[in-house]
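One chain, chain A, links the two complexes that follow: it is found with chain B in the first and with chain C in the second.
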Partner chain A sequence: MSDHGSVPDIEFRSASKHYGGVAAVEKFDLVVEAGTFLSILGPSGSGKTTSLRLIAGFEQPTSGDILIRGQSVTDVPPYRRAVNMVFQHYALFPHMTVAQNIAYGLRNQRPRLDNAEIARRVGEALELVQLPGFGDRRIFQMSGGQQQRVALARALVNRPNVLLLDEPLAALDRKLREDMQHELQSLQRELGITFVLVTHDQEEAMSMSDVVCLMNKGRIVQKGSAQELYDRPADAFVAGFVGKSNLIAGTATAADGTTASIVMDGIGRLSGQRTNQAAPLAAGQAVTLSVRPEIVAVVPSTQTLGQDLDIRLEGRIVNRIFLGDLTEYRIHHPVLGNVLARRSRQADGSASSFEKGDAVAFGWRSADVLAVS
Partner chain B sequence: MTAALATSNEGRRKSVVTALLLAPTALWFFVLLILPMLVIIVFSLGERGPVGGYQAALTLKQYASLGSRLAAFKNTIMLAPAGTLISVLVAYPLAYFLAVKVSPRWRYGLLVLVVLPFWTSLLVRTYAWMFILSGKGLPALLAAIGFPEIQMINTPFAVLLGIVYAYMPLMVLPIFVSLEKLDKRLLDAAADLGSSPLRSFLTVTLPLSLPGVVTGSLLVFILLMGEFLIPSLLGGGKIFFIGNALVDLFLQSRNWPLGAAMSLTLVIVMLVLITLYVRLTMAASAGKSRSLP
Partner chain C sequence: MRIYAWLVYFFLYMPIAVIVAFSFNSGRYAADFQGFSFAWYGRALANPFVTKALVNSLIVASVTAVLSVILGTTAALALERLRGKLRAVFDSLIYVAIMVPGVVIGIATLVALASVFDAVNSLMASLWPAAWGSAPRAGLGYGSIIAAHTLYTLSLVILVVRSRLVGMDHSLVEASADLYSTPFNTFRTITLPQLLPAIAAGFLLSFTFSFDDFIIAFFVAGPNTTLPIFVFSSIRRGVTPEINAIGTMILGVSLILLFTVQVLLRDKRQGNAAEAA
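Moving on, here comes the complex of A and B:
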């Protein structure tokens, strides 16, 4: 994808940002290859916005270095960096029209662009975000979704090497957000420039990006494709944050390179597959088993579970959430507490869906369980 | 039928309540604004009595003789806008410093310091300036270190200094408010789009704080047009405003009709100038004017 040889668009070299002794970003190492759609995902306070502001130049790293296209930008002020940002809440200029907002960056370019050129590029940008003819509108006359597009056009019109997006879809309603996810993704493919998106919404990160970088407490926890994070979480935090999961913590009674087991009173042995083979695990160490809701099978207590399930338990339905194609059940088990299970509509069948209070048998295959540390 | 009666009763009760709520304000305006205004209009068309005061007549000759007091108009119309302009130029950097540069911990304490002079009488403070600017004050000090002796008191300079000093807090506060509520993320956005700090200030901060400047200017300008204390103390009868002329006409020479004609003219001049100013600033921040319903 890259047409600039092997120079990555952005590189963090052990960059840290401290605020009065508190680390917002700690020893950040990250390489973003040109043309990548990267999401920085994390809970609030994980340092994801700070990392974006470090790229834009609004914050200076306390230590370490940041490179844009191979050049250190630590001493380059924001207005001289070839990156543009779509701000959370958009930060559009309220005293200017849509066209004036979009033209703002072009008017700062030296050598100066003539007015005809600016008008042409503003028109192009409005076409790109599907707002042709909206140039003379005022910002407060635009809906939230339209303002979002104006913010996007205002950044893209400058033809930046890298587009930074800070929670760009957070203020939109669900339907609009999903439309914009598709649009952003196809826009990125079309323009071929690097997008770095910050979000706390794992669905957003997973649906749009080539690479997801999961942060927690100022550090990168795991970096990889959405599927890698889901299927091979590096630790219990990743397993819990990316997708839903039943996490069962315990002490490993037996462990080797590929599996780990714990023993729980009243249940016996539970085990799962190791995901991070680089970090060896020995008996006696803490381990967490991640049981995804979709691997938990549920049947009425009068029926028997499928033969292939090696973990077989009994419980009572405490809650049911209808999700359309799926139904999510919360099953109470005396030792494990509440266990989340998901059944597709097909498996459920209209006759055999469960009600609150129903006694059920449930279980899973140990081969589908992940053991993370 | 009963329902209709009930609603009409309801409606009547509501209008009675509204009338009662408005009555004090209406009475206040009528007795203290409209009535005196009518009296002034009537007086301005009359003649001076033989021993001063008012004698009934219907003539425009008071307006015709306003020319004899041209100096007061000239001073007011020159010095009030000049004082307002200097106040803006001095107050804006101060308000900017307080609202943007100072840490929030100190901000409000420092703001109190700006307003602190209001805790002492303006009369006392203006007397203080009188001593500072008079022959034995600042000019003497400057002469002692080798400067030629300069006349300070009783000059336009003294009056300007006095009015800017007295009214600056009124200018600082509205500008401070408009700068403080300015969304700082807009400045990040401007920088991100390639604006140097100076350009960001000129294209974002300044236009968005203009409403504060307009409010402050109107406050100060209106008060300055009616000012009489500072010119009378620091202008020493040489630099006098319309306010001083009015004091003289009503209290000393007891020419009430001419005084009435002069105050009405002042009101009209003020209305014209303010309308022009508001129009101009609206046009300058084109966005704002079109956003008004």
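Moving on, here comes the complex of A and C:
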């Protein structure tokens, strides 16, 4: 393990997992470099949890191979793998105290650690998750957020090469979840070990991780930084799943290396910038335009839209959601259906708020629209 | 509706209440309450036939409970891994074992044991060297009562342990494996402690059943007398307050044990609620 830099912590080599002929994970190829915070993001049933369970060893791949630090672990049982997991519902042992839970992994290590060493490391782990002095508590005396920290300590105390986290924040309320997101991120930086986090929450994945791996139907759809996924989605699924977006599907009437356009009845030509220039796209093929809500400008129908907008439409407000610094509007358009627009609060209050039923003019710049295949 | 309910309870519990009340009667006639006294309890416990029957009952009930718990828990664990048709077959067999009337278990066990003993005894007699004296003979006794009781209480233990096993979070076992624990160590340190309340409840249920049972024991007891059999045979000589005192003691022990079972199984529910919270 001297050559940290060169050997990736985890490597999937065309790993597949089938349940009775149904593929949960299909031809999975993924390399996780040491010290990375990787999120596996996807809707439920996309195979993200199965991929995590393959690393932990609770599932065996039907075909392909999985390597931990360059060693194939396909035939290694879970209790001999140097990875530790934080379970979705924590899976703390209810008949043990907090300290006994944390010490459990240390007590199973061979050669045996002496009691003083175990006590010292349990104490350190409790410090690390900011629960000093809680060792003698029973699990049911701890709140949800505290149980989460105990689960984290129980995994980290073993100093694993890789920490696996299965939707660890799903059961926490919003405020606690945001605090834990920051804590997990700083813990990972502090410890420098690889974190693999599974989540269906795109905000969670994007806010914490260095690399996001987006899965759908058992396959990896796109892998990259959060910004890459947002700004250059590989296809319509990514554009729709990562961040909110208005997706307009159609048939390309014209396409070249950088732009693609479609023609809609009653509107005319709509176009966008291509994000995945490697994928060939020609006129006559299906294409989807992704219009992010933040690029949609809205003014009362009595006013005129800014001159820089080349797409100009009219509609009626059907719904409004106040988000504090932002307000989200749902605008009905006879051809496009409902269009989502997001306006930030203006310091001078000039972008007056609209009410349900207001007639508005809205539009965007084609240069800001993404075209995905 | 309310009067009807009271009547039902009256008919159910009045006879028991009468027995309990008259066990404290100082007079010697069951129907005539003369004054409060513990005298009949003293008489009952001083009677060597009663104490012998009580010791027999305690031995049979203890061994039955221990055997049922060991066999029942291992069976429940094995059944948990079974899937499909085979599991359905075993599940229904367990329920059938509980629903079969005691009389049937009694007769069936008696007939089965008698034919096994016949075969074994004649085989032993023919093989036994004449120089060693007469061959030992297998016969009805403690063993046969324990075997017949275990046949029944085994199913009780399986059901109680299984329901706990189903309620157990499987991720606990995975978490243990994730923390370097071998499968055997996981069983010892995680699964077994989780099952303990159910195992204890199964033990007490088996003990209570075996201690109280008359029907099955009556068929297979042979020369041995358990407490319920003693009570039955004494009644033929008329109901005395001594019998009332014995009955009340059996009732008291059974109620205490069943109450303990309730507490053990309730603790389990609270434990689960705490896990979920």
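Note that the second predicted complex is superposed on the first by the 366 of 373 C-alpha atoms of A that agree within 3 Å, B and C clash if a C-alpha of one lies under 4 Å from a C-alpha of the other, contacts with A are read in each partner's own complex, and residues count from 1 in each chain.
The rule is short, and it goes like this: contacts are C-beta pairs under 8 Å (C-beta built on N, C-alpha and C of every residue); 3 or more make two chains touch, one makes a residue touch a chain.
Just so it is clear, the structure is predicted and the values come from calculations on it, not from any experiment.
Overlap between chain B and chain C is detected when the two structures are superposed via chain A. Of the two partner chains, both chain B and chain C are touched by A:A91. When both complexes are overlaid on chain A, the residue A:N158 reaches chain B and chain C alike.
In the overlay built on the shared chain, the residue A:G70 is in contact with neither chain B nor chain C.
Contact with neither chain B nor chain C is seen for A:P280 once the two complexes are overlaid on the shared chain.
In the superposed model, A:P334 lies in contact with neither chain B nor chain C.
In the superposition on chain A, contact of A:G144 is made with chain C only, not with chain B. Contacts of chain A with chain B, set against its contacts with chain C after fitting on chain A, overlap at residues 56-58, 77-80, 83-85, 87, 89, 91-95, 104-105, 108-109, 140, 154-155, 158. Chain contact summary for the complex, chain B toward chain A: residues 183, 185-186, 188-196, 199, 203-204, 207-208, 285, 287-288, 290-291.
The part of chain C that touches chain A in the complex is made up of residues 169, 171-172, 174-183, 185, 189-190, 193-194, 271, 274-275, 277. By the touch rule above, chain A contacts chain C in their complex via residues 56-58, 77-80, 83-85, 87-89, 91-95, 104-105, 108-109, 139-140, 144, 154-155, 158. The part of chain A that touches chain B in the complex is made up of residues 56-58, 77-80, 83-85, 87, 89, 91-97, 104-105, 108-109, 138, 140, 154-155, 158.
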